[in-house]
Amino acid sequence: MEKIKVGILGATGAVGQRFIQLLENHPWFQITELVASETSAGLPYQKICQWKLNKPIPEDARHLVVKNITSELACQILFSGLDATVATDIEMNYAKAGFPVISNARNFRLEKDVPLLIPEVNPDHLQLIKKQKANRQFSTGFIVTNPNCATVPLAMMLAPLHKKYAVEKVLVTTMQAISGAGYPGLPSLDIMDNVIPFINGEEEKIESETKKILGELVKGEIVFAQFDVSAMVHRVPVFDGHLLSVSIKLKKKGEIPEIKNVLASFGSVPQKLNLPSAPKNPIIVKNENDRPQIRLDRDAGNGMSIVVGRIRPCPVFDVKMSVLGHNTIRGAAGAAILNAELLKMSGFFS
Amino acid sequence: MEKIKVGILGATGAVGQRFIQLLENHPWFQITELVASETSAGLPYQKICQWKLNKPIPEDARHLVVKNITSELACQILFSGLDATVATDIEMNYAKAGFPVISNARNFRLEKDVPLLIPEVNPDHLQLIKKQKANRQFSTGFIVTNPNCATVPLAMMLAPLHKKYAVEKVLVTTMQAISGAGYPGLPSLDIMDNVIPFINGEEEKIESETKKILGELVKGEIVFAQFDVSAMVHRVPVFDGHLLSVSIKLKKKGEIPEIKNVLASFGSVPQKLNLPSAPKNPIIVKNENDRPQIRLDRDAGNGMSIVVGRIRPCPVFDVKMSVLGHNTIRGAAGAAILNAELLKMSGFFS
Amino acid sequence: MEKIKVGILGATGAVGQRFIQLLENHPWFQITELVASETSAGLPYQKICQWKLNKPIPEDARHLVVKNITSELACQILFSGLDATVATDIEMNYAKAGFPVISNARNFRLEKDVPLLIPEVNPDHLQLIKKQKANRQFSTGFIVTNPNCATVPLAMMLAPLHKKYAVEKVLVTTMQAISGAGYPGLPSLDIMDNVIPFINGEEEKIESETKKILGELVKGEIVFAQFDVSAMVHRVPVFDGHLLSVSIKLKKKGEIPEIKNVLASFGSVPQKLNLPSAPKNPIIVKNENDRPQIRLDRDAGNGMSIVVGRIRPCPVFDVKMSVLGHNTIRGAAGAAILNAELLKMSGFFS
Amino acid sequence: MEKIKVGILGATGAVGQRFIQLLENHPWFQITELVASETSAGLPYQKICQWKLNKPIPEDARHLVVKNITSELACQILFSGLDATVATDIEMNYAKAGFPVISNARNFRLEKDVPLLIPEVNPDHLQLIKKQKANRQFSTGFIVTNPNCATVPLAMMLAPLHKKYAVEKVLVTTMQAISGAGYPGLPSLDIMDNVIPFINGEEEKIESETKKILGELVKGEIVFAQFDVSAMVHRVPVFDGHLLSVSIKLKKKGEIPEIKNVLASFGSVPQKLNLPSAPKNPIIVKNENDRPQIRLDRDAGNGMSIVVGRIRPCPVFDVKMSVLGHNTIRGAAGAAILNAELLKMSGFFS
């Protein structure tokens, strides 16, 4: 089988680097184009990229000549790791030009005709693409987004609970890794020996995106889920991995062992289709009383599983627990790649 | 005025070291006895103590010969920084022997006849001492405790809100410093680049102590406050300072500006009596959207103020905010010293 | 080909865990025995091990029932990750009992008849085994050791320079990771926001082991290399990876480009034999002026390469540079496994 | 006595903030002017400064209206915390305009007629001021500089040894705190869990400045000290405090106890004059084998002492040791303030 040629928008940024790393030896996709705004066309990637991952640049990407957004691109789909400050126009233009754009940027996530996709949770939301193409007069192009890095583990954990018990209220406190802020991101003087109780716009994203993802598709439109979410976010001095402390009120009541079982047995379309980046267990439930821990558990399922633990009754609501997800894998580049895999298997790349 | 001679139980431990540091040049108290279990009597403090604070050992403590619990003590009151594993018997025996014991240990905090004191919050609970002496046939001795290091900032913040609005539900997520675990405490391999969602017994302490502190004294007994508290605790890689993310449901409703004002104007007996360790403002309210931060705000009021910020409406409850307290000062040694100051001014050291 | 059955001594310790991780799917070796002193026999490994690596316990080790040193062992060779406090007797007894013991412990490193082996540097030192067997009346058993974790990168870097230019003086300052101290190792209160200029016994090990490794085998005895080494060691707050800053005086003079080339082209027996754990390039030379960096370069060659950079003239000696090695891989478990691979190919496991 | 009015150039930067903190309640100096380039004149300091120190902005500075370099300044002397990229012209212009400029910037440190001053080491170098004024046609103005933050502890430690034994060769490896890079300085992604073996221009500064400071004034010119210095610098993940590992060859030989005594008894003009910022002991010698440690010892003498330990014979040279200095106090703002105190007592502010 010939591989699908893919391009990376924002190839030198933090998310772009993860795309390149995770697509190394991908069975279906092959990187043929790297696009970066800040560079003059014509230089090989390794010359212009300040590579920050601890494995070296994959061989095939190392020598690719970087292009800019005015160049012709020899690829079929685009992954976007663009910064939100520039993503709106660039992504829209590529979609208009016929490219499926699988984006990690926040810009189109809440648009009515754009899927905000977690393949295990809301694969049916891909039906919005048809509407999107019609609305916007796209031919073969379209935009599909993945959620914010802290929203992903929250929405994945809530999905099976909402289905079985109907979620009524959610209070979530996050402890988020520095890699979530990109590079250069947080000055070391600001975050070492410190916790910062603020990330600009993050609480709003978590509160709104979660309800879209868990919303229902009714007559071609998404009706947001009807529960209340309150998020309090923090930056903590860890490298990768967002840990969430969540307390939930449910409409129907469930016992703790049953809730654990509902989470641990969660699996969906990506697992059934055996998508290359799908983890065997989307949700791993730990029973040790001091897990999940960020450093020890963030790489579970190659960073594509979320890890849940300390599931116990809450004196105020019904159940509380800790939830962990790898922010630059399941919460960014890995999420987008899994989205692309589902799109391919669903026939959206024609 | 001659100073009151004081002794430190557990003088070589983390809390004991803070007692010694904070009592240097205290206007009312003078350390004359250092007691440590793990040492043979007869050696000067500086020879046996692995001092871990970044200011050197105060001169007067440096040369004091350390005693053990079988020694005669030439002091009038005792501060206890003892570990909970040994505090029960030792503190009880000293109280029986006539010493007021101002303890940071958890062992007697929930006893019915023992005050769990925050001088700004529940100074009237000192009336329990009379009962305690009668119950236990103490003569001049008694035990007074201060709360757990994470409970202190929570209870201080809730106190004025509970008085004005009546608290109904509280969800609190803590991010706690490594110094709270004492020495050697957490192995560096466990906490660097990590967050641990568990501290043994801590959630229970926060949930129960808060309700005792905010309880009312009715006919000589404390009736616990009648609201629900749910705590989720975490250890984070910072040195000092516990940060709490709190969401609160109130019975009477209040607007955010009024709530800020209620907190900022909080002051009580210690401020009126001008106690030496009392901060001018027990609660400092920050309006910047990224404060309090642990490193920048933990030393406010010499570590005796708590700092509150991000006060805003909660989509699930009524109000949410961040609360910071210095765990080894306001949450341990400083708390006990302020307790002793109130006891002195209230005539309990006769 | 049937795999060689191997056992791990000290299987629950930090080095033991790395052995288990690195031997997962090894083409020649298969773990069949796990030995730990602190446990009663009969429990599966996953029940008794506090696993601290961020990838999970390999499946085959997870369920192995741990034995103690009185048990019969169904394996052909033993890897020792034992603590130095107990290694002397245990390793000696297993060697007497017929087991080749591939040890990471320091106890026998300087014994006259025990090879202190780096396969790229002194494979001929394996001739000592014959003498060792004779001296100690061993039959099939023997002991082979690998150097201290900070010695390895120093000796590997010096080896080709010594051969070509003859080293005369070496001043080395190390910055060593916390994982080198094992678990629990350094309390977080001691090492966060700190550098400690002392590691017990470490400077002596570096100064003596380097000269044995680079020594010549003359009439069956090792004549230590005749240069002076002065080591100043430090513990720094990083997880893995020891960085060395080295200044060298050479007898014959060499230009910097030539020195770079001598280092970069270094390769030896393990590369020729294509041993499974041998890195393609034992020494990687970086030309960027800010490399090697611990976090970015420690995993080079799967942790088996050392990375050298900032090679430049020294105003006091001839050349100075930075040298990095992964302390728990190339400096411990990986070193021992490479030793075993060389032993196997050299016919020492009969 | 009326205080001398002082201004701070670069008042919002990292060094500027330290100036403001250290000058709070200074017995001789009072801040009356704050100058910052990046701001429009007219706003109070607290409005425009991102204050990064953990004690709050001193009251008197908080409300000072910040000026820019075109404003009239109502002060007698200027402290400069300017960035090197802009310091040359600004400092020169203020000196021309009649202001003594006490600068922390590197720009004029190696100028032949500018003192590079450590008051304990080379107070006689102030004689250069006369020449400077003549050369440059200054009236009352002049420029005096303090050394680089890593040079200070090295030069202070070497000074008494050079006087007694004559230094011949020095190899120094530094481990430097992140605060030395200013704000925003190092991205957290670059320095957490990492050591970086490079700081731009730093090695050259250490190698040249040390020889100027220890140089002799001969016929009004400084003859640089005639020994070799080789520096290898590193950035480590600590907040404040530069630790140096130093090995020294001496012309005359000295025993270790005598060397310790020479260092510990070092004291000079600032101590004799009892200058307000002068530490009682400029060099503190530790005998514990694991000191100095950055976190525990950087604040010695209020950050104005350097702390030396592990003094022992070197197998390659004569003596080796660890040396620690607080980089933003003794290595920057505190150094400049001590310089100003010496200038005042020496009658240079007329």
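A few points about this structure:
A, B, C and D are the chain letters, set down in written order, and residue numbers restart from 1 in every chain.
Keep this in mind: a residue touches a chain if its C-beta (ideal position, glycine included) is under 8 Å from a C-beta of that chain, and two chains touch if they have at least 3 such contacts.
The model shown is predicted, which means the values in this text are computed figures rather than measured ones.
Taking only C-alpha atoms, you rotate chain A by 180 degrees to land it on chain B; that is to the nearest 5. With centres computed as the average of Cα coordinates, no chain lies farther from chain B than C. When the C-beta contacts at C-D and at B-C are tallied, the pair with the greater total is C-D. Between the CA-based centres of chain C and chain D the separation comes to 42 Å, rounded to the whole angstrom.
Each chain gets one centre point, the mean of its Cα atoms, and the points for chain B and chain C are 48 Å apart.
Shared interface positions of chain A, defined as residues touching 2 or more other chains, are 52, 192-193, 237, 239, 295-296. Per the touch definition, chain A reaches chain D in the complex via residues 14, 52, 178-179, 183-193, 237, 239. Only residues 52, 54-56, 192-193, 295-300 of chain C touch chain A when the two sit together in their complex.
In the complex of the two chains, the chain A residues touching chain B come out as 169-171, 173, 175, 192-198, 207, 228-230, 232, 234, 236-239, 243, 245, 247, 289-296, 309-310, 314-317, 320, 322.
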